[in-house]
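For reference, the structure discussed in these notes is given below.
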Amino acid sequence: MEQQADLISEALTLTMFGMGFVFLFLTLLVFVTKFMSIVIQKINKRSQDDDHHDDNLSLNDELDEETKFVIEQAIKMHRGA
Amino acid sequence: MEQLNLLWSNTGLNQMVWGQGLMLLVGMLLLYLAIVKNFEPLLLLPIGFGAILANIPGAGIAEGSGILHVFYVIGIESGAFPLIIFMGVGALTDFGPLLANPKTLLLGAAAQFGIFATLLGAIGLTTIGVFDFSLTDAAAIGIIGGADGPTSIYVASKLAPDLLGAIAVASYSYMALVPLIQPPIMRALTTEKERQIEMVQLREVSQSEKIIFPIMLLMLVALLLPDAAPLLGMFAFGNLMKESGVVDRLSDTTQNALINIVTIFLGLAVGSKLMADKFLQPETLGILLLGMVAFAIGTACGVIMAKTMNLFSKNKINPLIGSAGVSAVPMAARVSNKVGLESNPHNFLLMHAMGPNVAGVIGSAIAAGIMIQFLG
Amino acid sequence: MEQLNLLWSNTGLNQMVWGQGLMLLVGMLLLYLAIVKNFEPLLLLPIGFGAILANIPGAGIAEGSGILHVFYVIGIESGAFPLIIFMGVGALTDFGPLLANPKTLLLGAAAQFGIFATLLGAIGLTTIGVFDFSLTDAAAIGIIGGADGPTSIYVASKLAPDLLGAIAVASYSYMALVPLIQPPIMRALTTEKERQIEMVQLREVSQSEKIIFPIMLLMLVALLLPDAAPLLGMFAFGNLMKESGVVDRLSDTTQNALINIVTIFLGLAVGSKLMADKFLQPETLGILLLGMVAFAIGTACGVIMAKTMNLFSKNKINPLIGSAGVSAVPMAARVSNKVGLESNPHNFLLMHAMGPNVAGVIGSAIAAGIMIQFLG
Amino acid sequence: MEQQADLISEALTLTMFGMGFVFLFLTLLVFVTKFMSIVIQKINKRSQDDDHHDDNLSLNDELDEETKFVIEQAIKMHRGA
Amino acid sequence: MEQLNLLWSNTGLNQMVWGQGLMLLVGMLLLYLAIVKNFEPLLLLPIGFGAILANIPGAGIAEGSGILHVFYVIGIESGAFPLIIFMGVGALTDFGPLLANPKTLLLGAAAQFGIFATLLGAIGLTTIGVFDFSLTDAAAIGIIGGADGPTSIYVASKLAPDLLGAIAVASYSYMALVPLIQPPIMRALTTEKERQIEMVQLREVSQSEKIIFPIMLLMLVALLLPDAAPLLGMFAFGNLMKESGVVDRLSDTTQNALINIVTIFLGLAVGSKLMADKFLQPETLGILLLGMVAFAIGTACGVIMAKTMNLFSKNKINPLIGSAGVSAVPMAARVSNKVGLESNPHNFLLMHAMGPNVAGVIGSAIAAGIMIQFLG
Amino acid sequence: MEQQADLISEALTLTMFGMGFVFLFLTLLVFVTKFMSIVIQKINKRSQDDDHHDDNLSLNDELDEETKFVIEQAIKMHRGA
């Protein structure tokens, strides 16, 4: 009898702590995620603004594309294609 | 003559006990559900076939050095197969809708109450003497309510390996039944007006956010609940491979060849746990019953949570997406969409429901971590 | 100076015994057959290379913790590799022609006499003192006549692991030689008129039949010969994945990535059994000799069975398809087709020969089950 | 000498029972297969006959096709394609 | 209350020691290098993620029956993963340029001096008391200079498993840094005129040569240095599968699904060796330092060897291709090409540099075999 | 002290033998490779010369192509495509 009462009380405790923790964790995750998104959106916006001032970057990007192409060709050649 | 006797005495016909015959039929039922009814065939077909192999009298395929037992020991006892599948699921998951509307994480939290309610139910049935479940058994059964196959299998292999077969079968069967189980509950708990709520268009999510999210998730797990780290770690790893965009060949293989290979062997190995003497117990009936209850309660709690959140927020959530919080990706989200269209033919809830849907995966893994920490 | 001595004493040159040198040549011969002569290259190339690796003096790659020995223990001793390959073969098999004309199953039965004749031959040679084979050895050698690589390897790993290397090499080599071994026997046992027999067009077989057949086959095995259940179970599972149409992604992976990966490691692991001290025995010569005999007898019995069946049936069978009953899928069926075209350029026997061809796979697995049951 | 006679007799027995069983099994398989095919062909024929009477079914099939398409789209979206 | 305490006491936050926190940052640094800086992401992303998982306080993922430890024992301790990767590298390698100009093999030989110089350096630092490396440690560290990931990991797992994490990280990081490390050294050791040397167009190489080369290479290894046979054997096997043209399906799978799957688990398993207590040692700093030195010396020796060869040959070699002898395929060859183009915009050295580049792979494997023979 | 001297001497020996062996091996490989290439090129040249005299070979090649095609078709059929 007592054993069964223990079992029930353990199950209730586990439920309480379990659901509590699930909510705690996911609520925390909501806030952390929102914070992360805000920070990144700000950074992205700033770098976009910079883009307008600094046309170098897009040139760099183009160069990068070219480098990429050369490298891909090299790998293809290496693989004996 | 002696040889004829030996041959006869070794036939399956002669060695069969009634339980094995019944289990052969159960295996064929699973194949029927998989092939004809299209119930999660990727898992139920291998599980069903494994069940048949495991119950062939005298073959011993699921015992000792039998091949299915080898697959079980190597793949499930070690935890490798469910974790690798979870990595693959991660590589197939898009957190975009969740990141666009993070508060839907709470719907994924609420739906986990199905897990704990089922645990309580199992213990309740034990105290009134209907079944005889220990607390670890009850916890493993509860996770069925999480509606994530690999999570269920992982937890069951840690806490209640004897019940693994029944738990896996219940888990995948009910996932397949989501389109039948959920709609009546969803309709009962919502008004027509609530079901017609149109939600704000989701914003586009940048790649940086998608890359950082899995790492952040893992860090939070690492700091708060290390026992959930294997599951959520592999999940986050798969997702990071996909979103990072720098290891596409690894991500592609994970989403295809690797997850397919592991699925085959996982299914067969789970099937090996459907041997008659283990499966044909009153407990199995209890598990099937409780699993159904778990799904129902999880669905209800998700919907109710959505309604509760609407009390405190001006950006109204359509409560139909709450039911997707049980996970069962992507079936539950499709159900939300379908029920929504019934009330408002221009209201596409699918993407909105994907948020709670993947949140439910995280929520169940957290609940699993709690169970393993307290009872493992 | 001491170091120079050590270096020299550790070179392969210094440690080599004549047997290893010979086996390196055997390995290269296998590579030659695979690459230049196109003899079952998918298996003979890895086996040949494995043979070379296994016989590098002082490297110990096929012993102890050497990598090939690890592959052998994990993949072949456990039975996993041949069973997985057999699953893949199942996923590549179309039972359509067999289902359209089920009596060709009997041709697949008759051709298995090659197996038992070889067993008798091996025992005969032992009693007259030429070789020294035990009954288990003789049974494992006989299965070469089944012309199914994975079945041969599976049985050899259970009954005569020491002979596995020679048996596997004989099995795959003779399969490659089917186009040379069979035609003279086929021509000798048939009249020109018999070879010209045109067979009735095969009916189309429905998907339902194709789905139910593997399950039915497995049930029959389960009831009558459980020892054949691992082999035929995995075979039927592969076939069911393909025919069910509901798990195409699993079936595709089984037919491609999975079977390819396992083939590589199976081949290397088999090669590890070609170490000089085990392979360079008079028994190996006996195995090569008996294997050839097995193929010839199997071919002959298939043809004779077809002629016998024609005595009792009005729908005449072209006896040339009887030889396909040895399996060696799909090579033997192509040979039937080719020899048939010689006598009647409008007589395409290929699809008709696919029936006995796949029946031969089933027949050999049944024979294998019998061997394992009586001797395993 | 006697041992060898035993060996031969064992081999003969194995051959007899083995070939016997192979034939038994495959003959049984012939009959079971034929029986299965007949049953299925009958069922298929009946359901085809029903089709002629009951045009609903083809409509159902069409609906099924549509459902399939929607589901495929949903999965694609879910995978973030 | 008790439960709350337990929950808190089990959190990562509570159990974390400073080293684990630091290692979590190191793991994130590796992810940053992989994703943002594109440093060998195929390996550094899984290694970085593995490092994070391994250092989650209280999770024990890299110990005992933790999944990463299981991957380590099965895949790396057995030698299987690095050998399978090496097989895949073989299947991706084209020996054509090397066969067209075999004397470039000597460049691959010279660059291995980086390995031995590093070994001497490690022992030197030990004798003056800065670090405490044994001879086996020093040998394993030296192999970093070989610039071949799988070779480094294979040797480290045999000779110095405790240092494996640091060695693997150094190895892949410096490979990614090749475009930064090599050019200054190459420019310092060559004159403008030397850098402008145009080389003779490479002849076309027949398929027969490409097929025989891996077999010949293996035979030479078998006769002279059996301890290099596992590495070079698997490498030659992969290459033979590709060049033979008769097992394309095996070769394709090796180059794709198989190498991808193994890369994922190799990376995670290596990450498991980045646990704080093993990694955060002064020795790690020494390894990172010495690894850099190894690359630099190897580069220099390759260039100097090319210049030396030019003294005795009329077909001048552009010394810029000497640096490619460190391997780091194909990055080092690209660097040769790029530096060459700076001096002569019409001088494409890429294909010429592929010869020493793959020669470096062979050279490092030979050096690895020597280390294992003397110290293993 | 003496131990350390031993360590250094061992390391030096290993280096000497190691680099020596690496060079020995790769030099040998250079010669063996060159020899192999010369032999194969001669064989290839001879067989090409033969081709000019013996037109049969190309016919054989064509036949082979045809056989290949037939076999491929057969396999496709076998796979139930």
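As written, the chain order gives the labels A, B, C, D, E and F, with residue 1 at the start of each chain.
In the analysis below, contacts are C-beta pairs under 8 Å (C-beta built on N, C-alpha and C of every residue); 3 or more make two chains touch, one makes a residue touch a chain.
Just so you know, these numbers come straight off a predicted model, no measurement behind them.
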| item | value |
| --- | --- |
| Given chain C and chain E, the chains that contact each of them | B, F |
| Most widely separated chain from chain F, with each centre as the mean of CA atoms | B |
| Far-end chain from chain A, centres as C-alpha averages | C |
| Equivalent interface positions on chain B and chain E, same or different at half | different |
| Gap in Å, rounded to a whole number, between the CA centres of chain E and chain D | 52 |
| Chain D and chain F, separation of their C-alpha mean positions in angstrom | 48 |
| Interchain centroid distance [CA atoms averaged], chain B/chain C, Å | 41 |
| Chain D, residues touching no fewer than two other chains | 17, 21 |
| Chain B residues counted as touching two or more neighbouring chains | 3, 7, 224-225, 256-257, 374 |
| Overall pattern in which the protein chains touch one another (line/ring/star/complete/other) | other |
| Chains touching one another, given as label pairs in label order | A-B, A-E, B-C, B-D, B-E, C-D, C-E, C-F, E-F |
| Interface residues, chain B side, partner chain E - complex | 78-80, 83, 211, 215, 218-219, 221-227, 229-230, 233-234, 237, 240-241, 244, 246-247, 249-250, 252-254, 256-258, 373-374 |
| Residue numbers on chain C that touch chain E, as the complex places them | 3, 6-7, 10-13, 15-16, 24, 28, 31, 34-35, 38, 41-42, 45-46, 49, 52-53, 56-59, 61, 65-67, 70, 256-257, 260-261, 263-264, 268 |
| Interfacial residue positions of chain C with respect to chain F in the complex | 3-4, 7, 92, 94, 96, 329-330, 333-334, 337, 350-351, 354 |
| Touching residues on chain A, where the partner in the complex is chain B | 4, 7-8, 10-12, 14-15, 17-19, 21-23, 25-30, 32-34, 36-37, 40-41, 43-44 |
| Residues of chain C defined as touching chain D within the complex | 98-99, 102-103, 105-106, 108-110, 112-113, 115-117, 119-120, 123-124, 126-127, 135, 138-139, 205-206, 208-209, 212-213, 216-217, 220, 224-225, 359, 362-363, 366-367, 370-371, 374-375 |
